[in-house]
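Presented below are the structures under discussion, each in the form of C-alpha cells.
Below are two complexes that have chain A in common, paired first with chain B and then with chain C.
What follows is the complex of A and B.
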C-alpha cells in the first residue's frame, strides 16, 4: 500500500509539466514517431482497408467486400505467381541452408586463406539484384553463354536454356538468387560455428566421433538459434523477390516466372487496378506474418531473453 | 536486399561478430596434404570459382568488341582489349529518348544518395540516442512499431506513400525519394545505434548531466565522438542499400531522366529495341555494381560486421 501511495504522490507532483518533461528527446523523436505511426502503421491499415474496396484507377472508398480477393484467387497469373514463389522459396530455403552451412563448416576447418574465400563468397551480396539478374541473364544466354560453351566442348546436344524454357525458368532464377544470397547466410553460420565451445570438439574427439558425424549430430542441434535466424532472413527475402525477376526474365517466358511482388506492382502502377494490388499486397503481408509468428514464438515465447 | 531478421541477427551479431572477425584461431594443422585437406581445399576452390565467375565474365565481356563476342565463348579472355564499350555505356547508351548513357543515372543516384545518407543517419542516430538514454513514455512503443514495420513487405506501404508524397507536392521528385529512403532505412539503423549507445556506461551520461549538459550537448560532444565505428557501419549499410535500390526508384520517380542508376541500367539492358550490344550491357552492369563493390572491398571486415548486424537492407 505504501508503495502505491508514494507512486501516486510523485506522479501527482510531476503532472503539471509531464508533457514537457524530456521535451528535447520527444521533439527529436518526431521523425521516428511520424514514420512509425503514419507511414508504417497508417500505411498498412490504409492498404488493408482499401483492399476491400472497388478502387481502380484511383483509390475510392466503395465497399466491395471480398470481391478483390475472389478475383485475385481466380486470376491465373496470381496462381502462377504463388506457385512459383512456393517452389522457388522451398528450393531456395533448403539449398541456401545446406550450401551456406557446408561452406561455413569448410571455412571453419582452420584453413589458410579464409579471408580470401570469404571475400569471394560474400561479394555478390554487395551487388544489387538488378546487376545479379543481368549478369546471369548473360551467362545463361543460349546463343553465347554456358549452353554454347558446353556445346563447343563437344556435347553438341547439350541443352540448358532456362531463361527461355517455362519448365525450368525458376532454376535460372534460383542459380542467380543463390549466388547472390548464400554468402550472407554463410557468414551468419560461420559466426555461429565460431561461437561453439572448443571443448565440444575435444570431447567428441576423445569419444572417437568422426568430423562429419559431429557436425550432424552435435553441432547442428546446438546451432538452432542461428538456423532460425537464417530461416527468417531467407524467408522474408523470398517474399520480397522482385528486382531479380524484373532484371533476369521480366516474368517470362509468358507468365512462367511471375512472382507476387511483381503482380502487385503491375496491378498498382501498370494495370490501373489498385484494388487488386492492395489485395495482393495484403496477402503478401499475411504470408510474412505466417512465417514470423512461429519464429517470434520460438524466439520470445519460450523463455525470456535479454 | 531486405531489412529482415534484424532483431535476431543483431543479437547474434553483437555476441559473435567480433570473434568471427579475428579469423581462425588455434594451432595450424600439421599435415597440409592429408586427404581431408584436399577435399576441403578442393571444394572451396571449385565453389570460389563459381562465385567469382560472373564478375570475371562481366569484366571480360565488357572489354571485347562485338565481333569477338559473337565468335568466341564468354569465358575466353579478350584477344583485343577495347575500352569502347565502357565509354559507350557511360556516355552514349540510350534509354528512351535520352542517349547520354549511364552517367545520367549515376549522377541521379549520387544526388539521391548524399542527402539520403546525411538525413537518414542523422535521424537514426538521434532516434537511437533518445531511445537508449532519454526514454520517455511510449518511446518503446514507437520503436516496436518501427521494428515490426521492417518485416512488412514494402508493397503494402507503397501506395499510401504515393498519396502522402503527392499531398506534400514531392511525388516524382528526388527529395520525395530521399524521404522514402530515410523512412525505410530507419528501423535497421535506429536499432543499430540504439544497441550501440545502450552499451555506453551510464556513469558517463550521469556525469555529463551533473555538469549541466543537456540533450544536444551530450549527443554532439560526448556520444558522437566516441561512436565513430557504428557511424561507419551505418554508412556502409545505407550506401549499399540506397545505391542498390530499384523498387523505390521505379515507384517514386516519375520521369525517366531522373531515374537512379539501377533503374536506368535495367532499362538499357532490357530494352527491346535495337541490336543487343552485350559488351556495352556488361560494361554498364559493371559500372553500376562498382560503387557497392568498392565499398565492399575497401571496408572488408566492417562490411561483414555491418551486414551481420543489420542483416541486410533494401
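What follows is the complex of A and C.
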C-alpha cells in the first residue's frame, strides 16, 4: 500500500518538475551550443562561401564561381595529396586495429607487470606528432638509423630508406603514425576485452573451440561498440594528418608525401592563395561528411530509434 | 581472470610482451640517451649505447638558444586553462544530456562527435581573421579559447558517458530535499563524478599539451608553447641530433612525468569514457 502511495506522489510531483528541468537543461547546454554554433557552423559557412571567390592575399567577396575548384582538381599536388591520404588512411586504419587488438589480447593473458606495459604502450601517445616525427626522421635516417644497424649486423644489401624514396615515403610516415597511435587503441580494446564475461570463455572451452577461433567468431563480434569508438578515434586522427608530415618529411621528397591539410596550409599561409585553401578545405569537409555522416547515423542514431 | 593458463605459456606471453614493450619504448630511450651525448658520439657508427662521456652540454646549449621557461609556462597555462574552461562549459551540457535527455540529445551528441571528425582547416581562416581583428594573435588567451573549442566535443562526450553511469534517482532525491540546480551540480553530481572528471581533465591536458597544428600557426614568440619550441629545432638544426634530442626531452619530460604518476587515472579515462 505504502509503496503505491509514494509512487503516486512521486509521479504527481514529477510533472511540473520535468518542465522546470527541461528549462534548466536548455540553459545548461546554452554555452556549449552557442560556441559550437557560432564557431563551427559560422566558420564552416564562411570558409565555404569564400571558396567561391577569387581571394588571393586577402579574402575578398569577388565571385569566381567554380574556378578555384577547377584549379584545385587540375593541380597535381592536390591529386597526390588525396591519394596519399587515402592510402595512409586505409593502411593505418587496418593496421592500427589489428596490431592494437593483438597487443590487447596479449596483455589480457594476465601477464606480470601489466600496468608497466600499458604505460609503455601509452607513452608514444603522450608525445606530440612533432616530436614523433623528429624522432622517427632520425631512426629512419639511412646513415645511422635502422638501415645502418641492420647492415652492421651482416645484411650488407639491406635497403630501407623510406624518407628519401618517393615510392615508399608513405610507409615511413605510417610506421611513425602507428607507433604514436596504437597504444591508445590498445588500451580501449583491453578495456573491452576485460568487459567480456568470463563465462563466455568457459563456454567456448567446454565446446572445444580454440582460442584464436573464439576471438574471431565470438569475442570480436561482441566488441562491436569498442571497435566503433576506435574507428572514430583513428578516423579523426587520419583526417588531421599534418604535423607528423611537416616534422618528418615536409612533404618530400619532392611532393611525394604531401597531404590535403598541408596543401590547405601552404595555399593559405605560404602561397598567398586563400581561395585555393578555402576550396581545398571545403573538399576535405565534404569528403568527410560523405563518408562519415551516413555511417555515424546508422551507428549512433539508429540504435536509439530502432 | 580465472582462465587456466599454464606457467610456461604465461612466461612466453610475458616474454612476448616485454619484446613489444622494449620495441615501442626504444625510440624514447634512444632520444634520452642521445640527449646526453656530444654531437660526434650521437652519429657514431656503430652506435654507442651507454659507454660515452655523459654531458649536459646539449641542455645548456638549448637553454641558451631559446627561452625554455617561457615555453614551459605557456604550455602549462594553455593546457590547464583550456581544459578547465572546457570543463566549465561541458559539465552543465553533459548534465543536461545525461539526465534530461530530450528528443534532440542523440543528435547533439552525434553532431558533437562529427565536429571532432571534421578537419580543423574548415574553421581555420575565420578564426585567424577574428583573432587578428581582436588583436589577440600570439596571446595565451587566444590559444586557451581555441584549444578549448577543439577539445570541447571530446570533453562533453567523455563527461556524458560518466554521468550516464550515475543513477538519476540520487539527483532527484537531492532536488526533493530542496537543492537547486546549482547546488545539485556542485554538491551532488560533481563529487560523485570526480574520478570521471579527473580522467577527462588528464586526457585533455595531454591533448592540449600536444596540439601542434593550432599552436604553431597562432603563435610567434610571446605565447609560443613547447610544441613550437621543439618545432623551431627541426628544420634549421636538422643535423644536430644531440641538441634536438635534448630539446625533445625538455619538451616531453613534463608530460612523461605526469603520465607516469597518473597512469591509473589516465588509462581509466581513456578506456571508460570510450567504451561505454
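Quick note on the criterion: the second predicted complex is superposed on the first by the 266 of 306 C-alpha atoms of A that agree within 3 Å, B and C clash if a C-alpha of one lies under 4 Å from a C-alpha of the other, contacts with A are read in each partner's own complex, and residues count from 1 in each chain.
Rule of thumb we're sticking to: a contact is a pair of C-beta atoms (placed from the backbone, for glycine too) under 8 Å apart; a residue touches a chain by one contact, two chains touch by 3 or more.
Quantities reported herein were computed from a predicted structural model and do not represent experimental measurements.
Engineer: Should the pairing of chain B and chain C on chain A count as a clash or a fit in the superposition?
Structural biologist: clash
Engineer: What is the contact status of A:268 with respect to chain B (first) and chain C (second): first, second, both, or neither?
Structural biologist: The answer is both, since A:268 touches chain B and chain C.
Engineer: Is A:37 touching anything from chain B or chain C once the two structures are fitted on A? First, second, both or neither.
Structural biologist: first
Engineer: Please work out whether A:251 is in contact with chain B alone, chain C alone, both, or neither, and reply first, second, both or neither.
Structural biologist: Once the two structures are laid over each other on A, A:251 reaches no partner at all.
Engineer: Can you give me the overlap between the chain B contact set and the chain C contact set on chain A?
Structural biologist: Residues 21-22, 24-26, 28-29, 31-33, 35-36, 39-40, 42-44, 46-47, 50, 59, 103, 106-111, 115, 117-131, 134-136, 138-139, 144, 148-149, 152, 179, 183-184, 187-188, 190-192, 195, 198, 225-226, 229, 232-233, 235-236, 239-240, 242-243, 246-247, 250, 261, 264-265, 268-269, 274, 277-278, 280-282, 284-285, 288, 292 of chain A touch both chain B and chain C.
Engineer: Mind pulling up the chain C residues that touch chain A in the complex?
Structural biologist: 1-3, 5, 9-10, 13-14, 16-17, 20-21, 24-25, 27-28, 30-31, 43-47, 89-90, 92-93, 95-97, 99-100, 102, 106-127, 129, 149, 152, 156, 175-176, 181, 206, 209-213, 216-217, 227, 230-231, 233-235, 241, 244, 248, 251-252, 255-256, 259-260, 263-264, 266-267, 270-272, 274-276
Engineer: In their shared complex, at which residues does chain A touch chain C?
Structural biologist: Spelled out, the residues of chain A in touch with chain C are 13, 17, 21-22, 24-29, 31-33, 35-36, 39-40, 42-44, 46-47, 50, 59, 103, 106-113, 115-131, 133-136, 138-139, 143-144, 148-149, 152, 179, 183-184, 187-188, 190-192, 195, 198, 201, 225-226, 229, 232-233, 235-236, 239-240, 242-243, 246-247, 250, 260-261, 264-265, 268-269, 274, 277-278, 280-282, 284-285, 288-289, 292-293, 296-297, 300-301, 304.
Engineer: Quick one: in the complex, what on chain A touches chain B?
Structural biologist: It comes out as residues 21-22, 24-26, 28-29, 31-33, 35-44, 46-48, 50, 59, 102-103, 106-111, 114-115, 117-132, 134-139, 141, 144-145, 148-149, 152, 179, 183-184, 187-188, 190-192, 194-195, 198, 211, 225-226, 228-230, 232-233, 235-237, 239-240, 242-243, 246-247, 250, 261, 264-265, 268-269, 274, 277-278, 280-282, 284-285, 288, 292, 295, 299, 306.
Engineer: Which bits of chain B are touching chain A when the two form their complex?
Structural biologist: Those in contact with chain A are residues 1-2, 4-5, 7-9, 11-13, 15-17, 19-20, 23-26, 28-29, 36, 40-41, 43-44, 47-48, 50-55, 57-58, 61, 69-70, 73-75, 123, 126-127, 129-131, 134-136, 139, 142-143, 145-146, 148-149, 151-161, 163-164, 182-183, 186, 190, 214-216, 240, 243-247, 251, 262, 265-266, 269-270, 278, 281-282, 285, 288-289, 292-293, 295-297, 300, 303-304, 307-308, 311-312, 314.
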